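Both complexes below contain chain A, partnered by chain B and then by chain C.
Right after this comes the complex of A and B.
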């Protein structure tokens, strides 16, 4: 209904020129006759007739007549018409310039991969492509706005329901189906079905707090790959020796096990500071070795990597939510949303002078969870 | 007979002394020859130290003390080495203009030669770390990238754009840092930055990192504006604020009556 059929049949030029007679520009205007308002009146009544013919309740279009097409914005004179046409054509020519500019830039400007080239290469390509695509787009929009009929069309909704015959037939088929199962007559069948189906409600009972038996006895979430005597290796696989780090140095360390650098729960940060700076809790003092401490580098808040170490303040910052841990006092939280300290790894040095772990972390690494214990 | 024999002994004694003297003299010339040849650089070295001392006294001693032992607000510089001097002065952080949480990068106040003289003076007082000779970017680009992402990117960002640390401190962006500054920063660990000794990152590894940092700093931003190279944060912001606004305005223009 957006276009009345009679309109669609007419040539475009004819439609474009359809304007009320009082706005026609005079004797010089050769672009066809004035429009007859009756045609649009007819359109309304035809819609009304169609609606009533369906026999269904719907919006009565006769109460909200479609507004007549608005011709007021169309150029009043030949001269104005030409000006508007030139605006649109100008935009289309801009698109041509954009395409040419794009091609010239692409082929004329020297640009090699990885070489510092012309800084303006990519921006120029973008600007010319904007001209090309935008010229066509803006030209089309302007064409529609300046030179086309501005018509507000109302499209009626179709009725939602099926017709009564179809509904009756469906209901009958359903009723017949139920009869055919025999349920209305067979009492035993009906009651046993209700009992059987009703008992299904008891199935979720184990989920209401009786799943404790299946808690991970292995404590998979609470253990990592660190074991007693496992060496601390760098990301490239080399073990870390005592003396490799200077005071104020840090190193990301991983357990020297198979795929150790890929274990998501095991990365840790080895930090060396002056031994007198260390003020570890009493039970953790044995876990450090000559000013070296190792903490899990997985934040206890949401598991981001905590590796931003400030060697002067001994602050360890988590980049995600700005939790700050004090490395000198056992990675205790001094700011931010983290709820507990980073777990510390006990370390010592083996016969060859390489750092080894003294065992697994004493508590679960990473974000807290329900049965962390 | 006795007389002649004594005189002969005396003469032979002279001969021995003469011979010994000539041998010692030749030996001395042979040994002292090279040292005499190195006298010229040694004196230019001492001249650089003298010159550096003058720069130190006029530009640095107010805070660091006339005898390098530190003073009002400045730490002792004995034993910090030439490397630290090059980092602090060549990046413009020193001389410090005011008491900041962290020394900001500023315009450099000294020429390359003046910086080297200052460094030579500090180095002559207690020794310390020095930069290696030669081209500091003479490393493996790929190795440097891997090491940068492992050791540096957590603070300095994967593109070297820097990032925030705690309580107003920050890891600076690295685009303006010269190879000497980058190398000495790894070596000396200025301010909040951890130190990376040669046992942890070898000279070749450090040079590789320097080469990588210079590479990402000099490579242009494909697509025009780099938007700080912070990744999805700034890019998303621009898309939402600028891009969506433009789209809404375009939609309004298309939908508006002529």
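Right after this comes the complex of A and C.
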């Protein structure tokens, strides 16, 4: 707001409330000042509202005496005005302090891991950034609330609809345009256009196809790196020997092939339990070895590694969605969203006493898919 | 004064000579925005997105989207010598070696959480107040699309560091895509470039995360805001507010100053969170390894509902004719969200069809005035909250020493039983609140003064409800009141034409209370309230319908 210099000795609130009424408010206004007298006269909506008999309320209001604009939120006296100004200015100065603190921290505090300043670096940056941004933000909001003239203004809405003639003309122009193209009458043109444009949809397909190597997709999904005679190794690459595990012990095992520990489909879990506790299905009994049994640790639900083994109950828990498998009965599902048992790997022991796989898993490991059968 | 005048004249003249924009700019500066705290929710989402763009651009200068194996040799000693992907290494580099990189990463992550939270709460506000009704259906659809894109964008960003937690999420995502009938395995090979995990996933996700999805979000936000600008914001009923006007602050300067200041306040809060509240400490999780997972793995909150639906789903799988359909994955993560999002987008038309309401609406509903819609909303929120709780059932089970299987079974039952219950309770609650409003309108507020009549009868005097509250209840004009005190004063506002009332059908949409609800009617409503609120709905509707639109 700007005021003539001659008024400067009066409190601003007085100056505002003594503004001539036509400056402060217009005909469309009901409370404070209108948005703009010109705008109302310029809009089509006003004429239309009147035509619909809805504009009368607006017109009537111009005859009623206007209530004085409400500046009660503004400071009542010069002194209060100055106090409010100082509050806002204080917040802006706080922002300057925040920026200075931020710069000092950024360039002066040691942030390398292990340095004493490391622990404080990020929190200090956060505090000073908050001061800087919050100072500007809070200062601006306070400025708007305390010092700006924020009277409640009223503005008419423009009705969206055009008149029926306009709509009909638009529809006609559209119709005329379509007819001018000849499409509605010329069958060959229409059909060949559809065919030609439709065939363009085939163009991206080779590009999409190039994104994935689909060769032998089914076989890739159905097989892992386990082969007959491949040793079971730990994460650190050492092979597992018969007797390494106590009863109740478990070991994460991987195939002893190149990058075997990094293969996403091959991680498995070797469990040792009392041979009498093992109650495997008939066709799987051969796959265990003296109470040692190996299951794929890729969950048949969504592929998380299932490795939480409970000795007493022989339960295997998947930590992602809490499916529970019974390790003693062939990792069958006893609770949770998984639908299938964890596939079991056939194992035996080679001449040197190390565990080796008897072949690949008999079925696909991991989550189900359409072609899985 | 004269100097300012010169500057403003020159500016306006310069613009007008080149763009002919003087008229448009003047109207824009004077544009009126209605004020209500709940209108800030969308602003928070917008500002979070701007902050995401700023911080994300900085992070992109240092991040490498590659699954190539490297041996770590950075300044974080505990991981020295560990083999990891370049993506994880570069995220560690940002966290420990880039000055201010950690705070940028943390602000970025917090801003993403806030972005989606603000979208969801904003969506609830728009739904419960009926702001999606004609003419704003398109903006509602854009809003739902923004929510979906926000979820995708958040998930993509969350997966980029390739730490143990996000890698687990990416593997679950792989299983979800794989579950889609017919095209599932093709789609995964296309996305991952071959068998999982492949080498290309992160490069593709990165292109989506920093270019395709943000660009789509930016475009839709622009359209969203242009529509708000053109259609003008909705407002709540109140003194002087009608379907045909907007009452509030002008855009310039007060509204612009408040909105601009609010941007910095949102940024300040995110800076405080980013500096002081640790989030996603990937160095503690370690690099991703397909054979490892941490117990209690949780996705970011906005994906939690999908994790919960996965956990609650029974293990149904269909195998027939040599093909498999894993409903235990397909139903909770593909079909359920698909149906929900489509239903959300279509909701404005579903409601319009049920109510037969084709009128323009610029005044917002109070949730209680539309019991069925509010019931549907509350029911949906209950459904969602149960899923989110179920998404953390293992953590809850271990904290409260409950069996995790019990949690899952309880969740399954709750998911079926609780939402309908919430619907019924909410609907009745709304009706009860309406009756309370009727009471207030027709009988005024209890004054606490008891008067004895000559006949010996005791009556309590009531004070009429102040006019400003009457108008806020959505009444078209002040009520003739049945009370013992003088009429309200201060009717400085002209009488506005009655609100456009939507035709009523099936109790879906209850009209705002109208003057024809006489005091006797109102009092009987109040008495029956406790006993049979449902039974008298038709009666209320009838009295509402009887009122001719003025």
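Everything that follows uses one rule, which is that the second predicted complex is superposed on the first by the 188 of 373 C-alpha atoms of A that agree within 3 Å, B and C clash if a C-alpha of one lies under 4 Å from a C-alpha of the other, contacts with A are read in each partner's own complex, and residues count from 1 in each chain.
Everything that follows uses one rule, which is that contacts are C-beta pairs under 8 Å (C-beta built on N, C-alpha and C of every residue); 3 or more make two chains touch, one makes a residue touch a chain.
Quick caveat, the model's predicted, so the values are computed rather than measured.
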Exercise. With the two structures laid over each other on chain A, which partner does A:119 touch: chain B (first), chain C (second), both, or neither?
Worked result: first
For this session: Look at A:77 in the shared chain and tell me whether it touches chain B only, chain C only, both, or neither; answer first, second, both or neither.
Result: neither
For this session: Mind telling me which of the two, chain B or chain C, contacts the most residues of chain A?
Result: C
For this session: Could you tell me if A:129 is touching chain B, chain C, both of them or neither one (first, second, both, neither)?
Result: second
For this session: For A:305, select first, second, both or neither according to whether it touches chain B, chain C, the two together, or no partner.
Result: both
Exercise. First (chain B), second (chain C), both or neither: which does A:285 touch?
Worked result: neither
For this session: Using the touch definition from the top, say if A:245 reaches chain B (first), chain C (second), both or neither.
Result: first
For this session: Using the superposition on chain A described above, determine whether A:162 touches chain B (first), chain C (second), both, or neither.
Result: neither
For this session: Report for A:315: first if it touches chain B alone, second if chain C alone, otherwise both or neither.
Result: first
Exercise. So, A:146: does it touch chain B (first), chain C (second), both, or neither?
Worked result: first
Problem set entry | On chain A, positions contacted by chain B and by chain C | 114, 122-123, 126, 141, 145, 150, 235, 252, 305, 307-308, 319, 322, 324, 335
Seminar exercise, completed: chain C partner, complex, touching residues on chain A are 2-5, 30-31, 35-36, 39, 42, 49, 54, 57, 60-61, 64, 67, 106, 111-114, 121-127, 129-130, 132-134, 136-145, 148-150, 152-158, 160, 208-209, 211-214, 217-218, 220-221, 235, 252, 254, 261-265, 267, 297-298, 301-305, 307-308, 319-324, 333, 335-340, 366-373
Exercise. How about chain C: which of its residues touch chain A in the complex?
Worked result: 1, 4, 23, 26-27, 30-32, 69, 75-77, 96-97, 99-100, 102-103, 106, 135, 168, 171-172, 174-176, 178-186, 189-197, 200, 204, 231-232, 239-240, 243-250, 253-254, 257-258, 260-269, 271-276, 289-297, 307, 310-317, 319, 322-326, 328-329, 360, 362, 393-394, 404-405, 408, 492-497
Seminar exercise, completed: Touching chain A in the complex, chain B uses residues 146, 150-151, 154-155, 163-167, 169, 171, 189, 191-197, 199-200, 218-220, 222-224, 253-254, 256-258
Exercise. For chain A, which residues count as touching chain B in their complex?
Worked result: 70, 73, 114, 116-117, 119, 122-123, 126, 141, 145-146, 150, 234-236, 241, 243-252, 305, 307-313, 315, 317, 319, 322, 324, 335
